[in-house]
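Each in structure tokens, the structures are laid out below.
The same chain A turns up in both complexes below, where it pairs with chain B and then with chain C.
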Partner chain A sequence: MTGYLELTGLHKRYGESIAVHDVSLAIGKGEAVALLGPSGCGKTTTLRMLAGLVDPDRGTIRVDGADITRLPAHRRNMGYVFQSYALFPHLSVARNIGFGLEERGVARGDITRRVGDALALVHLAGLERRRPRELSGGQQQRVALARALVVHPSVLLLDESLSNLDAKLRDAMRHEIRSIQKSLDITTLFVTHDQVEALTMCDRIAVMHRGRIAQIGTPEDIYERPAARFVAEFVGRANALAATRDGGGIRIWGAAQPMNDPGWPSFDILIRPQRMRLLPSAEPTGDAMRVEGRVLRRAFVGDRVEVLVEGPGGQLTVELPSGGTLPEEGTAIAVAWRPQDNLIFPPDAA
Partner chain B sequence: MNTRLPLLLLPAAVFVLGIYAWPTLLLLRNAFNEVGPTGAMIPAWSLATLRDVFADGFTLELTRNSLLLSASATALALLLAYPLSLFLFRTNSRWRGPLAVVAILPMLVSGVVRVFGWLAILGDRGLVNSVLQSVGLISAPLKLVFNWTGVTIGLTESIMPYMTLALLAGFGRLDRTLEEAARSLGASPWRGFLRVTLPLSLPAIALAGGLGFVLSMSAYITPKLLGGGRVFVLATEIFEQATTNTNWPVSAVLAIYTLVLLLALLALAQLASRALAR
Partner chain C sequence: MNGAGRGLSLLAGGVYALILAPVVVVVALAFSADNFIVFPPSGFSLRWFRALAGNAPLLAALGVSVQVACAVTLLSLVIGVPAALALAKGRFRFREALTGFFLAPLLLPTLITGLALLLFFTRLRLTATLPGLALGHMTVTVPFVIRMMTTAFATLPHDIEAAAATLGAAPWRVLRRVTLPLALPGVIACACLSFLLSFDETVISLFLSGPRAATLPVEMVHYVEGRTDPLIAALSVVLIIFTLIVVVAVERLVGVARAVSK
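Let's turn to the complex of A and B:
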């Protein structure tokens, strides 16, 4: 696949440790891709290589067909929103936003007009003369966004841009950034360790793990068809149940299961908590997967209820919509789910 | 705040009052005394010395020399200390520690020793002149000491360590990410330095400059020894009047005049630094 922004075999090591390991990624024009992964997996390093702030050891970066791998940062025309916002404390909001335009030699009048437009875009009209420290965190975030967008960058790069905001503001900004991104049709790479951000803000997600890309796909792909155990456990929650072979059949928590034998000596089966249901211990389940246990605890989480079940092989969590009748703590119970909801990965393929 | 604070300040207060405030008051008192025909000081409340000192054109020349020498030494030291401090502030190199020590080492060496070092380097038969002559670049030795040049060089060297420390302490607002932001917005490294790094370090420059200036103004050994008796500044004149001429009232008037000048300059540097930090 060819894309507007193309990374091929990007590699960066710091001393003994490899921060980014042969990362390849193609992003289409106007597409928003999330780089999702736990802290330290190499997301920021990847982004900094794109912006020209870190030199890759090998690999190439292309934008619209042109190789920019060795181009200095200030000639790349990329908009970078830093995690800390990096607003210039000695300049007003207007001069912060106009900085890139001034460097490009845009005429004074045009700068004023474009800065005004950019401020309106992020709903900060009227704050031109403020200094960054006179703004709230959310406003600073908007200024940083406006500053990166006003120069019409070829690519917008955002590094954990929402992580310093409180939960409510984060929700609002998520939608706002997404709608701006769509209306400007700007190619965007969005770094985050927050799966909700990745799932809601982007067309596709690239899950990163230990410097490598573990899977690239649409949010549905990533969630429903994780390509690796790491992806299944990092994006969304999953119960891991140890499965053993017994003759030709598979057993979980001692119970025989109606499923095909993948042929491995032992392995884990992962199931999303909301794909499981509870039923009375005596009730038959036909050809569903099923284990027996006892209700250990119930917890209300707003619109959902989490039921912790303990069985011979450990514990698992079942997530149900709230409102239904729930079994008492301590009662014996059966947990059932459909075989097609099993997520099975080869052993040791983390 | 807690009530013990004044108590904790007591030792320092006693010390400062004893060794600084009291002698300064004595100095102030001396300024109003008179000198008798025998040269002995006569207690009096007279403004005659004050009037004479400020009517004398030499006072103006001393002031001018002091200010000019201090200004050029401070400017030179800033040009040298600023890049050095910036490097020390940023580097992760393992040479950072040793380099920082080397940078402030001159502070730990006696002023007299340093001056003799400079004489060995800059004198008629010193290192610089020998090398230049043996290479054939010059035929007669350059006059590098016992004049304005020598004093400027000596002062520059002696204030540099203090200014390096002041700059390092004042670089608090510098942030690598801001320079990266400038670059991502299209500024070359040099433009980024001019538009971000330099403005953000102006408060540190003002503070270090003020400190260097004040230290140069009050320096005695360097202008005395490297000036070779040919460079006259306020500090040397104060000493001359007090010892050679034993004219304590003139010395006192000049000393207080210098003190007032320095306090005003320090206040100015402080104000500038605050204004620039806004």
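Let's turn to the complex of A and C:
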């Protein structure tokens, strides 16, 4: 696959530990890709290598066909929004945003106009003369975004940009960044450890795990068709049920299941909590997957209810929309789901 | 305030009183009308300040001290700031070892430094010269500047220089537009303290001074060896006021620079 931004076999080690392990990724022009993974999996290191702030041990970085792997950071023309924002404390908001234009030798009048436009874009008009320390976290975030965008970078890189904001502001900024990204049609790599951000803000997601890319795909691909158990458990939640073979059939929690035998001696089946339903213990389920247990606890979480069910093989969580009738704690109950909602991976494929 | 707090406050007050008592005595003596050091003075006057203004050797020494201190300040910054920058930001072998090496003179008693410099400078014919005195003082001030500025550069806000680079600033532009402006409070403090360290320096100066190049502290030591009048007390008051002005100025300037840069 070819793309506007292409990383090929990017590799970086620090001493004994490998931070980024042969990462390859192609991002199309105007596309927004999320680099999603747990803390310490190598996301920031990847982003810093793209920006020229960290030298890769090997691998290449291309933008629009040109190899920029050895180009110093100040000649890469990439917009970088740092996790800490990294605003210049000694400069006003306007000078912060105009910094990149000044370095490019843009005429003073043009700088004023473009800084004004950028401030309007992030809804901060009128704050030109403030210092960064006089702004709220959300406003600082917007200044950092405007500062990165005003120079018309070839690529926009965002590192955990929303993680320092409170929940409500984070929701608003999520939509705002996405709509700015779309309206400017700017190629974007968005680092996050928050799956909601990745799922809602990007065209595609690259899930990263221990320095490697575990899967690349659309949010739907990643969620519905995870390529590895790690992806299934990191993106969204999943119940893991141990399955065993008995003659030719598969059993879970002791109950025979109407599913094909994948041929492994033992394995786990993963199911999303909201893909499961509860029904009275006596009620037949036809050709659905089914286990028996009893209600251990119910938790009301606003628009949905989580029911914790305990059975012979352990516990699982079923997620239901709130408002329906719920079984009492302690009652015997059956949990059923469709075979096509099974997520099955080879054993040891963590 | 509880009992323990009051006890500690009293103790602190006592210690301060002990430290400041000699200063009070000196200030009182400076305005003495007597011919000799008598405490308390039998009368008060400004005669010793007038005598001070007419004392050619002390005024000449003051001139030497100011010249030396200015040169020392300038050179210490010119050498110390780039060295600190290299130690804090550079990537090269033996960086840790070099850091230790540059700080070592701070641990050496100035008595030993002075003696070593005397032996060394005699060969070079640098004793009793202004360059010799300045070089001697710089064995104190340069490590001091390196130490202060290494800390200042290492504690700049995270990623801020990287941000400037990604915005298109070449390394020297990052230095000029971000690193140095943010380190400015530290540089100002270093300049003022280097000046005071040099101006105050007595032990090394005693080794390196001669009849044609003596700093003010050296000349003061010589004066009190031969005379016991309140002239030195008057001079001390002038120096105390001068030092206070510098310290307050640093406080103001650095405070202002901090406020501007945060």
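General remarks:
FYI, the second predicted complex is superposed on the first by the 350 of 350 C-alpha atoms of A that agree within 3 Å, B and C clash if a C-alpha of one lies under 4 Å from a C-alpha of the other, contacts with A are read in each partner's own complex, and residues count from 1 in each chain.
We take it that contacts are C-beta pairs under 8 Å (C-beta built on N, C-alpha and C of every residue); 3 or more make two chains touch, one makes a residue touch a chain.
What you are looking at is a predicted structure, and each value in this text was computed from that prediction instead of being measured.
With chain A as the common reference, chain B cannot sit beside chain C without a clash.
Once the two complexes are laid over each other on the shared chain, residue contacts for A:Arg133 go to chain C alone; chain B is not touched.
Looking at the shared chain after the overlay, A:Arg229 reaches neither chain B nor chain C. Contacts of A:Phe99 after superposition on the shared chain: both chain B and chain C are touched. Residue contacts after overlaying the shared chain place A:Ala86 against chain B and chain C alike. In the superposed pair of complexes, A:Arg142 makes contact with neither chain B nor chain C. By the touch criterion defined above, A:Ala73 reaches both chain B and chain C. In the superposition on the C-alpha atoms of chain A, the part of chain A touched by chain B in one complex and by chain C in the other spans residues 51-53, 72-80, 82, 84, 86-90, 99-100, 103-104, 147-148, 151.
By the touch rule above, chain A contacts chain C in their complex via residues 48, 51-53, 72-80, 82-84, 86-90, 99-100, 103-104, 131, 133, 147-148, 151. Here chain A touches chain B in the complex through residues 51-53, 72-80, 82, 84, 86-90, 99-100, 103-104, 147-148, 151, going by the rule given at the top. Residues 157-160, 162-171, 173-174, 177-178, 181-182, 260-262 of chain C touch chain A in their complex. Residues 173, 175, 177-178, 180-189, 191-192, 195-196, 199-200 of chain B touch chain A in their complex.
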